[in-house]
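Structures are listed in the sections that come next.
Heads up, the next two complexes both have chain A, just with different partners, chain B and then chain C.
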Partner chain A sequence: MSDIQQQFEAIEHTPFRQVREDAFRAFEKLGIPSSRHEEWKYTNIKAKLSKEFTFTPQESEVNKSVKAYISSLPAYAFRMVFLNGVFQSSMSIIPDLKGLTISSLKEAFSAHQELIEKHYGKLIDNNEEHFAALNTAFVNDGAFIHVSRNVNIEEPIFLHYFFTAGEAEAFTQTRNLVIAEEGASIQLAEDFRNASNIGVQYNHVSEVYVGKNAQVNVAKLQTETKNVIGIHTMEAQVDTDARFYSTTITFEANVIRNNATARLVGRNAHADLSGLYFAKDTAHIDTHILIDHVAPDCTSHQLYKGVLNDQATGIFNGKIFVKPDAQKTNAFQSSKALLLSPEASVNSKPQLEIFADDVKCSHGAAIGQLSAVDMFYMLSRGIPEEQAKQLLTYAFAHEVVEKIQSKPLRQHLCDKLKEALNLQL
Partner chain B sequence: MLLQIKNLSARIGQKEILKGFNLDINAGEIHAIMGPNGTGKSTLASVLAGKPEYEVTSGEVWFQGKNLLEMSPDERAREGVFLAFQYPVEIPGVSTTNFMKAAVNAKRKHQGLTPMDAKDFLKMMTDKRAIVELSKEFTSRSLNQGFSGGEKKRNEIFQMAMLEPTLAVLDETDSGLDIDALRIVAEGVNKLRTADNAFLVITHYQRLLNYIVPDHVHVMYGGRIVKSGGKDLALQLEEKGYDWIKEEFADLVG
Partner chain C sequence: MAENDAILEDHISSDYKYGFTTNIEQEFAAIGLTEDTVRFISAKKEEPEWMLDWRLKAFAAWQKMKQPKWQNVHFPEINFQDIIYYAAQKKKKKLESLDDIDPEIRDTYNKLGIPIQEQKLLAGVAVDYVMDSESVVTTFRESLKEKGIIFCSISEAIREYPDLIKQYLGSVVPTRDNYYAALNSAVFSDGSFVYIPKGVRCPMELSTYFRINAENTGQFERTLIIADDNSYVSYLEGCTAPMRDENQLHAAVVELVTMDNAEIKYSTVQNWYPGDKQGKGGIYNFVTKRGLCQGINSKISWTQVETGSAITWKYPSCILKGDNSIGEFYSVAVTNNYQQADTGTKMIHIGKNTRSRIVSKGISAGKSQNSYRGLVQVNGNAEKAYNFTQCDSLLLGDKCGAHTFPYIEVKNSTAQVEHEATTSKIGEDLLFYCNQRGLTAEEAVNMIVNGYCKEVLNNLPMEFAIEAQKLLSISLEGSVG
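This part shows the complex of A and B:
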């Protein structure tokens, strides 16, 4: 810890020294969890991460891969680019729009101090969440997005996080704060990319405030995450009559951990969380969801699907908490995994804790192979077995991709899915 | 001869269902197979299509001079065998268009042809849809998902039209159809009939045969054909039911 202490002392703390300090103390107590910790039982993250860490942002040139990718993008209205946790304003597109603030978190620390003080670090629990505490202590940079009351932003805001391997110990800490005020609506696409051929490790935290009658859609893309060890924590607070949608798509990785929490704190709020992972080789994809029904009359829906090849492993842990006041809760959870190889494995654990008496909660978990009936239907039309498998796997996975709100993004992901499946049509 | 089934026996699990079935079909012919429930009509269709649960225990099936039983289900289809399912499968996430594109191009590849270009394919889709009066919307939707019983059956005939099989087996295509859907399905079959192809129509009821007029009618009981005749046999069955068949051939079951 002495090394980590030195690094902590060395970083630029202004203007949130106290927040960082508190988080650092909390992290010092927690440390990196071992697999003895219940929440990390199936993901021995301590063994996966490097032994030592470097938190200072890696000074890095924008490489060819990043440039090529950026120039291939369609002309989106809004875009922020981060490279190894450092904001790249020259590659970003941030138009001046009334009622919408898009800035780097660092800028927001000084320019929007009041909003930051009110919201930053308030949704995470540094005393429980190892990586949220670590992130708060060492955060490099990230996006600050604020939408004013009744402002509706139609176009998705793209947040591209590129990582290029520098030192093997580099552990990049990125962070978003998203605030949608009452009646506002916004769509985000967070895109995490390994722009190198070798391993990178990062830890990302998003805090999302969905105000009264507001709507926030988050698409989280982990489609270019080969050799990545990535830890994601998203905490959303959903107020009265508000709607929160989140879809996470993971295509390849070394280790990905996705923690997502939606806390329904106002009456008649709705949360819809979904995810798809497509794991091959020895990829390890771990999803931990918590839907916390605090207020009455709220609804929640979870749809998680995994496709596993080779020796890949998947973990799904989905919690639904219904607090005593949350009467008339309607919560649904579905997790399904398709095992395409005898060596692939999945651990699925639904967990319902209900403290109210007038609620509807249901969950279903299924782990299996492709349906023989569907398969025969395909074959009976002359479609060769291999292609039939690809088509059926596509069909299985497609349901989650369909949840992405932005049509061009959805189309792009369908194409990516076909590519991942080697499906030609 | 287009299809020759010789002394075919097949089982599912330990249950013997086909017991020495014989049938010859020539190009240009329509054969109807009728019979009470549970006599093996659908098993015959499944065995011809190569459904893996069924095990052929003896006999031979020759299709255009080739040993059908040695082919995998997808090979049979590419060779020109088509099964219209009694219960078409719903596959959310695969559109009928993409399903057909994969199937048509698999067949073309088998015939040594290049994949169809997009424009020709769309034209073909439009032409074939017209045969069964399916709107464009149906083919862009997920395969059979949320389709009514009649729409599913029309989709089967549409797929048959797209794949232009040499031998089409219709497994109780008429079950669950109202009179309009029945007419559309039957007219579709009649439009697809040529001197080079053949149809094997499996049905429990005679009414489909008012629209699709068979050259030969066979009555199946106890896993084999017990009576064959012309279209009059179907009318006779409609009138008298199956009880007399059951009585006459009681020794074949049990």
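This part shows the complex of A and C:
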């Protein structure tokens, strides 16, 4: 810890010295959680992370694989590129559009001080969330996105995070702040990529404000995250009549932890969170969801699915909290896992905590194999067993991919899924 | 709504019906817990040396343990030095029949609404009646003996059947299993012991009625039931306790073992004093119940109706070790006023083709908190294990809480695990339908709640089902959300 202390003293503190310091003090108290901590029961993150950390951003060369990937991308309207947590303006596309601000967080600290002061670090609880506190203390840069009142942005905004392992202990801290004002709407696609052949570790935090009657749609892609130890924390605050959608797709990992929280603070707000993981080898994918119903008349929907091969491990913990005032809440959660290998394992904990009486909350969890009846149907139609399995698995997983709003992105993910399943259609 | 509130108010203000104290001379251990207390209890029970050693080991383990804090219930820390660990009625001469027992105790029984004589005659229930830790009288012993069934107090079993006790006591719930199990192992005063020999189907429901009687005595019951190959037994446990102001601790341990093709059905109706309307007093019910399906094709079924206690904290569990074994858990937990319940089950699948089924119905009213906490664990070798879990919560009133904490851990790809949970209040359409048919709001709620719990109540033996239905009605009169 003394080493972390030294590193903390060495980093550039301004602006928000106080925010960083408070977070650092909180982290010092919490430390890295062990598996004795209830929220980390099935993921011994302490054992997985390197023993020492380097938080200093790695000023690394843009390597071939990053260049090749960027040039292969279609001409999207908006794009931000980060390499090891450092913003790459030369590779980014940020058109000047009225009512939309896209900038690096560093830039926003000085250019949009008022907005930052009002929103930055306000949705996370440093005293409870180990890695969010760590991130707040050490963060270098990230994306700042602000959409003004009643501005609708139709094209998705792509945020590409590339990681190339520099020093082995590098623990990159990235951070987003997204603010959609009243009546605004945007789509985001966060894409995390390991651009090296060896292991990388990062810790990413997003804070998302969905204003009254606004709509925010976030797609989180972890499809090229081989050898990655990635910790994701997303905290969304959803106001009156607003809608928040989030879909996370994970294909590869060493260890990936996805924390997502949606806090419904205004009447008639809606949150829809979904996720799919397709785990192979020894991948360990842990999803923790919290839907916090604070205001009455809100609805929430969760759909989480996992396909497990080889020695992969999947974890799902979904909480629904209904606070005493949140009458007329309607909350639904479904989590399903398909175990395709005898060595794969799943731990699931769907959790309801309800303090209001006029509510409808339900959850369903199922862990099992492909239905024998479905398989029989396919076989009886002359489809070979292997292909039938692939088709049924594809159908199982596709329900989540379908939730991605952007059509080209959805198509891309469907192709990735087919590729992963070795399925030719 | 106003009318409903009035009825709710009416019910909530209704007092505990079974609050009375029986005045019998009692013999107490000195207050507090030391090694001497353990020795005192062991000496009082005239236990052999090995049993005292067993207790002392448990006591040593307990001293090193910390009170668990993870549960979703809140209570002031218990001072374990402020409890009397042993209260037995003064030794009297051995009783031959029920007519010989203290008229005051018989009166107590009658107040509970369970006329012993009638039960004896009509229901054919052998009652091992426990008044504060000491077995008073055991009926039907003779007719059970004919079949080779052993049904006696655990202290008697320690003296008479040391081989069985040595082999099985602590085999399912080890002494250092958890804080309260260790405490129980050190200081348990009495309880029941049942052994069903090979191929015997127990001809009657075995039953024990517990009463916590003396003030400031924790009740530490120990129950051990062994069903040998191809046998069957149904065991009933029902409880009521008199009204007290101080919180009383009840930390029982129940162990069940089934051999090949054997089945144990264990039913509980628990209606201990829940504390008053302000949440003062009431029993702390911290119980460890666990069954081991050791043999192939064996079955253990837990059914519980929990309406009493200030705090209920227990997880009757099944370890499904034998191939093709079956575990079942049916539960209704009702909380009202300031009651707290954190209850559920654990199904540990170890053997092949093991199956388990969990049906839990929670009902919260007043300012109470009701939690379901369960674990379904499928181990790597448990081929084709199957579990179905349903846990529903019903909320009556806007100040209560319902929580579910299901843990599902699957390490075998041939396993099939299904879990469903819902939380809701009684639908206005259902109430409207009943009202329209001329039922009062109260009758309607009763009917709906009974229907809601039917799947669980159906699993109770007949006499219990009737009592449980009455209890539900008493517990929830007019609680319309």
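The working rule: the second predicted complex is superposed on the first by the 425 of 425 C-alpha atoms of A that agree within 3 Å, B and C clash if a C-alpha of one lies under 4 Å from a C-alpha of the other, contacts with A are read in each partner's own complex, and residues count from 1 in each chain.
Convention: contacts are C-beta pairs under 8 Å (C-beta built on N, C-alpha and C of every residue); 3 or more make two chains touch, one makes a residue touch a chain.
Everything numeric here is computed off the predicted structure, so don't read it as measured data.
Of the two partner chains, chain B is the only one touched by A:Phe396; chain C is not.
Looking at the shared chain after the overlay, A:Glu38 reaches chain C, while chain B stays out of its contact range. Using the contact criterion defined above for the overlaid structures, shared-chain residue A:Cys361 touches chain C, although it does not reach chain B. Once the two complexes are overlaid on the shared chain, A:Lys98 sits clear of chain B and of chain C alike.
By the touch criterion defined above, A:Lys64 lies against neither chain B nor chain C after alignment on the C-alpha atoms of chain A. Applying the stated contact rule after C-alpha superposition, one finds that A:Ala372 touches chain B and leaves chain C untouched. Chain A has more of its residues touched by C than by the other of chain B and chain C.
Using the contact criterion defined above for the overlaid structures, shared-chain residue A:Leu340 touches chain C, although it does not reach chain B.
Within chain A, not a single residue is touched by chain B in the first complex and by chain C in the second.
Contacts from chain C toward chain A in the complex involve residues 70, 393, 395-425, 481.
The residues of chain B lying in touch with chain A in their complex are 49-52, 72-74, 77-78, 82-83, 85, 88-89, 91-94, 98-103, 106-107, 110, 142, 159, 163. Put simply, chain A touches chain C in their complex at residues 38, 324, 327, 337, 339-369. If you check the complex, the residues on chain A that touch chain B are 372-374, 376-385, 387-388, 391-392, 394-399, 425.
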